[in-house]
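After this come two complexes, each holding chain A, first together with chain B and then together with chain C.
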Partner chain A sequence: MINEVTNIVVETLPQIQGYVYPNESNVHPVWSVLIVIYPYITGLVAGAFIMASLVRVFNVKALAPVYRMSMLTALAFLLCATLPLLCHLGHPERNYEVMMTPHMTSPMAIFGFVYAWYLMAVLLLELWFDFRQDFVKWSKTTPGFQGLIYRVLTLGVTDVSEQSVRLDMKMEWILSIVGIPSAFLLHGYVGFIFGSIKANPWWGNVLMPIMFILSAIVSGIALCVFNYIVLTWIRRKTVNMRCLDAMAMFLFYALLVDAVIETLDVLHRGFAAEEGFAVLQTMIREKLFYTLNIGQVGIGTLVPLLMLGALQLLRHRVPEAVRRTMIFCSGAMILFGVLMMRWNVVMGGQFFSKSFRGVMSYKMEFSGQEGWLLGAAIMCLPFIILTVLVKLFLSESEQLQPCEHLPENSSKT
Partner chain B sequence: MLPFKLPPQILRLVLVAMAIVGSYFVARSFLVPPSFGQYGWYRGAALAEIASREPVFAGKQSCDECHSDILHKLAKDAHKTLSCEGCHGVSREHGNNPDILPVKSTGSHCIRCHEANLARPTWLKQIVVKDHYGPKCTECHLPHQPTKSP
Partner chain C sequence: MKNQINRRSSLLRMGGALAGLLTLSAAKTAKAAVQTVFVSTSAPKGYDPTKHKWLMCIDDNKCIGCGLCAEACKKENGVPEGPYFRTWIERYIIPKPKPGSGETRGEAIVDSPNGGIPKGGVSAFPEPTLPKDQIEHAFFVPKLCNLCENPPCVQVCPVGATFKAPDGAVLIDPKYCIGCAFCVQACPYGARFLNPVTKTAEKCSLCYHRITRNLKPACVEICPAEARIFGDLNNLHADDPIQKFYEKNRVQVLKPHLGTEPRVLYAALDKEVR
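Up next, the complex of A and B:
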């Protein structure tokens, strides 16, 4: 008895402040860390793809060295995008049923269509057309199991004539054009999941899909910066500073637009001060103080904005090594800040009572289905997949070279 | 002869796509449970499975068969609307075989309703447990006659 009383009195009740309906005083929110990771990973996919599209669609040749790495990053993360959801649902013995019975009547279930379209019709196809020439080349020169993989990936087409390669380029260009709205759809959809919940003032907001898309672009570029620097460091190569500076520039502008839109959202909410605004103020000042003000705004936005902004103004006066370190730190901080943004959105919407007069707390557990250990494991998995993909498809000699079959228009940067 | 010939890589992709879609539909025919969609977007057989479960609650009338004296006391006091099994736990097995005792009720059942909470109506008696005397509610209160003292 004492234990049960202790659980309720010592653990549950101190986590509640103000007027909370009895059926809301649950220690564990319905959505927790896994649902935080899910939009984070899909955002990284969409962002990495959009960065790659800068090369393919907008002819930004300075970014060509990271084109393939960005695409592989998008693929590695997309392969893991459904994992947090499936782990959250539980029942691994019947996880396939959700994919076998697709339907359009539930906003959640529409993700199956969005995901399948993006993976099968956009990303894999574009990657295949981009790598096809190399698959043919590698399948002839690589022995053993790895050679077999390349032979399978050619799908039996060994034609690399000029006409055939030109068709590949055309297809890639078309797929990139289709891919940009698809990437927006992928992550805009995730924002819509939250934005469409009109009963919750923290979520129900038409700006939500736009904020999700912008933060996705920011986090995707930051991830590519991070991966590029880490990869060159592991391979003991020199960083292509023209490429890194171009990434830093796009990162700065994307972050600036993202910060402005999010600030507009806050100002709009403050000015409108609709029902429930008081509880949102409590959230910002108390419940989400560290993750929002320090994590998302401070570490994830203001410091990187200052660092990247300073680099835009004083690029030629800052030594390369310092510039590299500053860009790397900005990328890492932005990645952390966007994760905090996802946390604030997902958890923030569950921290206050439907009465708007009380707030709840949540302490993440270590192990278990919703523990941070599983969250960390799921976050590590795309990096492991990416390592394999890089090992297979991004040979050291080609890593720092622009793709061979780029459109021939002039660079814009 | 065809007037338009598909380039080899496109033709191969079309074939692969057809194979993927085809294998999806084949897999679907095996993996979707047979009764899926019978009544709606769920497994129809689930209804019969749920209905076939043995009930675990006995109901107040079963308790009245042996414990009518307690139920008489209960009916005259503030807890008259409460179900016996709300505090004593599921008791169908105990009803069938009196040797199997129900789960012993504890103080956590009391504070489920009586711990102070702003959201509760004010007419409901509420206490802050940590400021309240005693480790055991029944030292001072009779759960079956809450307005009387032991």
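Up next, the complex of A and C:
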């Protein structure tokens, strides 16, 4: 157990217990921190988008104040989603071949198309239709380079007549409806990348895409909670408690369903106890003790479930400030817990030999191609992009307000 | 009205660009399909992969664990030093059961130091830690790419750099591999690795440069015990070793439950071998 922590925090020599195939006795794991971050970022995108869709498709008015922020969050993270994959490749200069000469049976190749579809056909288009009116307005009122950006973003479509705006709304609604299955597909496919590996009992599992989608929704809502509170704090504005309570409610139910499905997975594995089960037990008891039992289950699931569950029962008796703090802490803990979940899946699958006769510990790099430093940098990048997007598109005066035609008008379409 | 047309034309233009991209992608896919057929393998000109069906058989009773095969493979194929092997030898030591334990055998002890490659003419395998009278069985198992009929590694390769040739060999085009290591994860037999020099995936190719010139793979050529038997199912001759192997033995494959249908067949395999 101590080895696990020391191997995460400092560099120690690789350790092998039992027998592993000679090709597995490498100093570094084949997939490392970057591949942990990749499903994490993609999940945040899908989750943030699905939360935004609650406003558009299901007309949840309470969440309207965070609609635009959630969409921009999804965009900022989606722009960085393939970066960890790209950096991890042995030949990143050949990356375009995944799109140009895809091998259609490969989950990774199909992911490229799902990603492109989601970015170009769903997210960018929906954002454009939502912001178009504002682009036209801002391009007239903002001088200089920023005004030029808005002008370019109108793509020359400056008609803001009632008929035109109605068409915008209709398109947004259609795109949201297309977007929900697309978001499920996007992250379901990431789960399938692992779930399709039948050689690895830790990964090869039909529940894997479902668990990935559910944890994605949870992490996406948690990120929106986190961003919303941080943004209002930075801008010295007051938090809309109705909105925050609604987010906390959805977060609670999503987390509950996620926890139930993950428990079901554990129970099923225990009951079936197929080949390699003994080595999976070792993973849970020893190799992943801290990151799984404490990080993912304890900090990432049970504590937030208790806090958010208590808030559902006693919402009116808890003062606003306490509620806000509790929801913020739950969001942050869930974000940490889901990151741990990604770590447990990706690294857990590489901590044991496919001969099921031995386990490995790896020396994690600090710098290097798959090192902590690069991982942290990639994790920071979406936040930097989001800051720019928020500066450009969520102006302080009308910040965090829903688009004018939202959501009342959208329901009429 | 003018603006309406503007929007429509903007959308049309975007649609056109997307269609163009998809067409380009389809064209490239077609090109890749052709490339898979005429891929730049190490086969000589005129070699017709459709006229052969290669098969590797391993008579596990015969392997003496000398490790010459693993050594020859490294030399023949320029495999880097370190934990990178296209083929290797595993040693299994099955202890006798503890008296009164009610078991048929003790827990197997498996090792493969440096893939079984001898060092300075001395066997790579150290003396067993168990006294000889406590050992029930001890045997060696040569391992290599299992030449699956349904190779999971080929299934997951995002660019089609790894493929199954019509002659049964599973090959990699190193000029095409992007080094994502998905295939390394997907191989149930641990037969693949990322070459630290070329940064591409690598595995046993059955010495494709040799077999396509009527030579045997290096490991088969050097095996002093004739534990490795190699042949062409489409061109069997009267006293072909493959034919004899089939007639003499009942055969088994590794991890049959995964449905990979390996073309590497083992005789006298123990249940402990995975």
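Here is the rule we go by: the second predicted complex is superposed on the first by the 376 of 413 C-alpha atoms of A that agree within 3 Å, B and C clash if a C-alpha of one lies under 4 Å from a C-alpha of the other, contacts with A are read in each partner's own complex, and residues count from 1 in each chain.
In this text, a residue touches a chain if its C-beta (ideal position, glycine included) is under 8 Å from a C-beta of that chain, and two chains touch if they have at least 3 such contacts.
Values in this document were obtained by computation on a predicted structure and should not be read as measured data.
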Which superposed partner A:159 touches (first chain B, second chain C, both, neither): both
Which of chain B and chain C A:356 touches, first, second, both or neither: second
More chain A residues in contact [chain B versus chain C]: C
First, second, both or neither for A:197, with chain B first and chain C second: second
Partner chain in contact with A:91 - chain B first, chain C second, else both or neither: second
Chain B versus chain C as contact partner of A:120, first or second or both or neither: both
Footprint overlap on chain A, where chain B in one structure and chain C in the other make contact: 19-22, 25, 97, 100-101, 103, 105, 120, 155-157, 159, 164, 355
Residues of chain A touching chain C in the complex: 19-26, 30-31, 85, 88-92, 94-95, 97-103, 105-109, 112, 120-121, 155-159, 164, 193, 196-200, 203, 275, 349-350, 353-357
Contact footprint of chain A on chain B as seen in their complex: 7-10, 12-13, 16, 20, 27-28, 31-33, 36, 41, 106-108, 111-112, 115, 117-120, 129-130, 135-136
List of chain A residues in touch with chain B within their complex: 1-2, 4-5, 7-9, 13, 18-22, 25, 96-97, 100-101, 103, 105, 120, 125, 128-129, 132, 155-157, 159, 164, 167-168, 171, 355, 358
Chain A-facing residues of chain C, complex: 3-4, 6-7, 10, 18, 24-25, 28-29, 31-32, 35, 83-85, 88, 90, 108, 110-112, 114-115, 143, 152, 154-160, 176-182, 184-194, 198-200, 257-258, 274
